[in-house]
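In the two complexes that follow, subunit A is the common piece, with subunit B as its partner first and subunit C second.
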Partner chain A sequence: MTAAVSTPGASSSTVEKVPLYQGSTQYRHWRFSPEELVHTRVSLNAAAVRVIKDAFEADSLGSSTAVAFLDANEENLLVKLYIGKVSQLCGHFRFPEEVEATAVSYLKRFYLKNTVMDWHPKNVMLTALFLATKTTNHPISLEAYAHHIPKTAPSDVLELEFLVAQSLGFDFAIWHAHKALWGIWLDIQTLPDIRMDELRDAYDVALKHVRESRLTDAELIYTPSQIALTCFSLASPSLASAWVRSKHTPPASPPTPTSPPTPTSPSPIPETDILELIEPIKSMILQYGTMPDVEAVREVDRRLRLCKNPEKIVGSNAYNRKLEAKERKAAEKRARKAALARKAMEEGDPFGDTIGPQDLDDDDDDDDD
Partner chain B sequence: MDAVEKANAERQRRWTKEAKIGEGTYAVVYRGREVATGRKIAIKKIKVGQFKDGLDMSAIREVKFLRELKHQNVIELLDVFSSKTNLNLVLEFLDTDLELVIKDRSLVFLPADIKAWMAMTFRGLEFCHRNWILHRDLKPNNLLIGADGQLKIADFGLARDFADPGYKMTCQVITRWYRPPELLYGCRYYSTAVDIWSVGCIFAELMLRTPYLPGETDMDQLKTIFRALGTPTEEDWPGHKKLPDYVPIENFPKTPLRDLFTAASSDCLNLLSKCLIYDPRRRISAKDALNHPYFFALPYPSHPSKLPKPAKKDSGGHAALEEVDGNVDFTGSGPGVKANPPNRLKRKLSMEDGGSRSIARRLDFTAKS
Partner chain C sequence: MSSRTTASGWLRGTTIRKGGASSSSNSTRHTTPQVQSTSSTIFGGGVKDPSGRTSEYFSMDDQCPVCKSDRYLNPKLRLLVSACYHKMCESCIDRLFTLGPAPCPICNKILRKLAFTPQTFEDLGVEKEVAVRRRIAKDFNKHREDFPDLRSYNDYLEEVEDITFNLINDIDIPETEARIAQYKIENAAVIELNAQRDEQYAQYLKEQEEADRLEREHRASELRRLEQEEQDEKEQSRQAIIDKLETSDKDAIKLVARSRAEALKRASAKTTTPAFQSSSRLLRSRAAQSTVIPDVPHVPLQDDWYAYEDMFTMRSNYDDPISEAVRKDREGIMRAGGYVVEEAWERALRSAVAGLDIPPLQGIRSADPEVLQETNTAVAAVS
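Showing the complex of A and B:
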């Protein structure tokens, strides 16, 4: 947008020049340094343990001392297992890659806001995947979806949908490394002296690495293009370098190390720097990009059964107490509103701009639905 | 309370809901305020409980895209929160929309005004397209107008991204009168050009003060288009006879736009004609439209604050009745009229409230999937 903007009259002074990716919710809300990520998980876990301990104690004094709660790493291990299950399910349904990648991102993000001790990833995974089919525009009916999953009723999936959407902060759009990889693949085809068969093989291997990267924290730390380039580089260092060189035009403005490249165009920093930048991503993918040891996870899951938040277990004392408290509060709110409505009727102008009885009726949907 | 629930409650407390101002197909809209600043806002409350597949696709699309888009000419989504089973979108408050402006026969449009509205529309649309987002439902009542005169593209309930070329899409989008011929012919692979056609129709409507191509059925829509612009030949639009729903339609001659738009400048008609090119591949892009000589020629676009706007509704309401009485019975002339013909449809006029707006809307027989 250039000239038309500078015409008098309708000209606008605030036309965005920020690269698209940097305006995205992913860039603004879901990128962390490795330290931040650890800190987020550890403090979330500590807070969860505190709350659940209290719930145990409220049930019967001293009952929490014998419980071995999960730590942040153990929580993460369990989530990782279910990331792998997303992939299996997607294969079963033949969902496109975008659905799978989106569901995985949702699952990871969910557990940056919640603990597995409140919500088991087995259930959250199913809801995250169902939500992902919709947000990526590949919707399937809930009935058909639940029908294909053993021991799952439609209501199991729906019950958590709001919680999942809320935990995501309603940030549904995801920028994926596999799309960035596709972009690189298209770019490389246009370079001189490229052997197509070699490129195709490299792409296949790189895509495999992108899938492995989904089992790691890479997407919470690095940009999709950085991950894609890393994967290409793992598959074919020479092709990756050739691409970086082709993209490396003399910087028009000083490089800004704080703003990573967008998924479609890498930042104009020297080739060596870029290749150095991806080293930690490489080791992350190679070290963590595999399914966790099933036995280890089984042990975690066994312990989870003993340290689950009792307030989330339907039918437990703690659950019932919490439910009662909630209902009491709702009843109080309704009574308050009814009183307000009466008051408004008595003294208010029914056609006035202030809150009238009718508006309160509308509002009541929130309580009665 | 869970951290996620708590965060949601905190978000909710930042906004007040005052009075119901409108109702759409799947939402109720309230006027409200930002508690901290007193700024006027609109809250669009979507009832989720009623959908058997959970969060419905329109709501998901609207949230997904508006979370990512921030531009002066795209409606701003300020916040999202949930209350019980409702999803609440907090939107910037916008006084009116382009449909109401067009229909308000007490307003006179200068060529500079039309140019300003078109510039703002193209600017918002160019931003959407740059972000790989198709709107797929552009029409005057989805172009909202703020107190400062800024036009904002709204209602992203049918939007989708198009980053994957060659992905099959539904042709059941866009309200009929603004739907391009390729969709009427059942084309499933389409792109940004569909939105441009809609903008072309809106452009014409701004000059005519009545819908340009008001077909009565999908079949009649094609006929209406061809009657106005001539039946396309293979040369005009290579390959259109092979589209899935192609049907031969009688041969209408091409009549110069000049015959209908007698007062328009030649730049203006040139841009209009480029928006209404049959071959989607040759139709102008939003970016090129912004650089079209029309926007650089005199008169320059009006400043947004100087644009004509329906009078503020007054709380009494009797003025509105008079106005409606005075205007409901006019009849328009058939197609081919030269000057601004009064509309053939019975219409609510400038002083209406939100309620009658949706009545007026129902007259346009929207055909959404």
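Showing the complex of A and C:
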């Protein structure tokens, strides 16, 4: 989780310590501004549309004009629907919350690097969930997993696994809002005059909001602790602000001499700022934290069937063409190799003669595309 | 067959010899090392292990080269080794040497009855080499400190090795013996001194070992005593709770909780200082024994992370339904892998305050291009 970060420095205690969260891959690779998110999605979508159009045109001229491609928002809508499906599946398998939250994060992150038109979320969702069970140490056998999902073979899940892992940049560890909420629940008990029944109710409501927040982009913009605080604040504003106040008044116990120098790059912002900071999260959760309308998504899905990347559909002309090209390349390579071997045999030395720069041809197997 | 005889033999309390009597001729290695103590016999010598017992070599394929009787005919056959390193059985020795010194039936060297020793090694060459080296080491007992420089010490070692080699392989025996005698005369004083020194060191080691053993015993008994005390205490407090519950009209849960807290306090109060002390003494004596430089633990990574320690204080207990099942788990099945609920709490608390004041990013930045680039190309390569 806190793997290699940009030089945390030498051993001396004078070195400024890096806060743990700032060392996480979540902070370093998966933190965006709202504008960036939009930009990433739009440009991904545009690039995909361009590629697919070319593929259509190559198949038969002018065939792409009639196709209504998905835009970035529609893609996102589809992903959101399948985020909801992850929750359903987790309920069915009785996976813990951590697995569900992790799978949802994987799915969101995957579609910041790929587009729905290449990889349908229906398949990616299954793989992301399976991957999440493994990365969070709640493993389930592949057979049992695929058996409980209709029309799914184990190979369907495994096929995409490496692609998903690669798209995630192998950043599997995720800081979750529900865990932060648990921490708030615990820590708030240290405040004086806390009524447990009130706290309990607030926690239940807040947990509901945390689950809603998974349908939004909140985790890609804000830190998990901020999201958890927001949800708590939605449930009980008074308790939340009391807690934030306690965090920003000097602690009752004298600070230990070994306490590290305040490390955060900006100086700690006062409580009012934090409460202000979470306002946009509140509206985000309330506004987007609902499941999308199934009818609208169905319409999107219907159109997706027409505008999928033809190179990725088994049996289509473009797919066959790509396959042929690949095979041709492989055959060429094999022929070249055979010729070389034969030549070497004829010259008497089965291992070829001196190793030299005579064959600089790239013999790698991954040079398609 | 073996299982049946083994069972009956075991029931009768007789000793069963393992090792196949049937597997003959070719390899004695597999069937061999039967070890017998011969400390009660009149024959001395042989090679002794540090504990002072002599382990005698024994094989199912033993045969006396003189009278050709073997273990099959005579299960009590015992072969001894002569000064010329030839084996023969006890009855042959009695027959040939009872009337005084007589020639060896194999090599004609004059032998005496008392010079026969039990065999320790399967290979008599080894037997001989050990005996020779032992004899040589007795006289050639100089140390590095007895020489002005390393060169002369090495020369000395080489000379010793030369003599040993000659004796073992019977090369120039008279000349070699003369060399040894010469050396003995020249270095009589040093040899005597070194012998004393070595004896002292051996004595010292023995004492050390004894002290270690006593220390270990002492610690074990201490541990047993503590365990017993703890057991008693537990039993007592349990009884106390039951008594209290009987007599008092207070809330049962409160009573149980209070006594539990008391027990916890008691347990934490008696941290194990005596054990620490004794182990440190042990370490000191070890250090005195060897001149090995103490092993400084190697720290591969320096922990320069700020873990928000000042942002929260842990309480010893929380009202926490999430972890209730684990805490209530008396048998500790759920904690088997080393799960500690306090650590889970600490992680949650840390997570609650981590990055609380990090403002969200604004606008489009060009930063992190390499990371994005990397992932993009990687993905492109797969698709």
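We take it that the second predicted complex is superposed on the first by the 290 of 369 C-alpha atoms of A that agree within 3 Å, B and C clash if a C-alpha of one lies under 4 Å from a C-alpha of the other, contacts with A are read in each partner's own complex, and residues count from 1 in each chain.
One rule holds for everything that comes next: a residue touches a chain if its C-beta (ideal position, glycine included) is under 8 Å from a C-beta of that chain, and two chains touch if they have at least 3 such contacts.
Computed from a predicted model, the values in this text were never measured in an experiment.
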{"item": "Touched partner set for A:F69, first subunit B, second subunit C, both or neither", "value": "neither"}
{"item": "Contacts of A:A47 with subunit B and subunit C, given as first, second, both or neither", "value": "first"}
{"item": "First (subunit B), second (subunit C), both or neither touched by A:Q22", "value": "second"}
{"item": "First (subunit B), second (subunit C), both or neither touched by A:F162", "value": "both"}
{"item": "Contacts of A:F93 with subunit B and subunit C, given as first, second, both or neither", "value": "neither"}
{"item": "Which of subunit B and subunit C A:F172 touches, first, second, both or neither", "value": "first"}
{"item": "First (subunit B), second (subunit C), both or neither touched by A:K134", "value": "first"}
{"item": "First, second, both or neither for A:K113, with subunit B first and subunit C second", "value": "both"}
{"item": "Common interface residues of subunit A - those touching subunit B in one complex and subunit C in the other", "value": "2, 8-11, 15, 20, 23, 113-114, 118, 162-163, 166-167, 169, 179, 366, 369"}
{"item": "Residue ranges of subunit B in contact with subunit A within the complex", "value": "2-5, 7-8, 17-20, 28, 30, 45, 47-49, 52-55, 57, 60-61, 63-65, 67-68, 70-73, 80, 82-86, 112, 115-116, 119-120, 122-123, 126-127, 130-131, 160-161, 163, 287, 290-292, 295-296, 300-304, 315"}
{"item": "In the complex, subunit A residues that touch subunit B", "value": "1-5, 7-12, 14-16, 20, 23-25, 44, 47, 113-114, 118, 130-131, 134-135, 137, 139, 141-143, 154, 157-158, 161-163, 165-167, 169-173, 179, 351, 353, 355-356, 358-359, 362-363, 365-367, 369"}
{"item": "In the complex with subunit A, residue positions of subunit C that touch it", "value": "299, 302, 304-313, 315, 318-320, 322, 345, 347-365, 368, 371, 374-376, 378-383"}
{"item": "Residue ranges of subunit A touching subunit C (in the complex, touch as defined)", "value": "2, 8-11, 15, 17-23, 27-29, 31-36, 39, 113-114, 118, 162-163, 166-167, 169, 175-176, 179-187, 189-190, 196, 221-226, 228-229, 247, 251, 253, 255-256, 259-260, 263-264, 266, 268-269, 273-274, 277, 280, 312, 366, 369"}
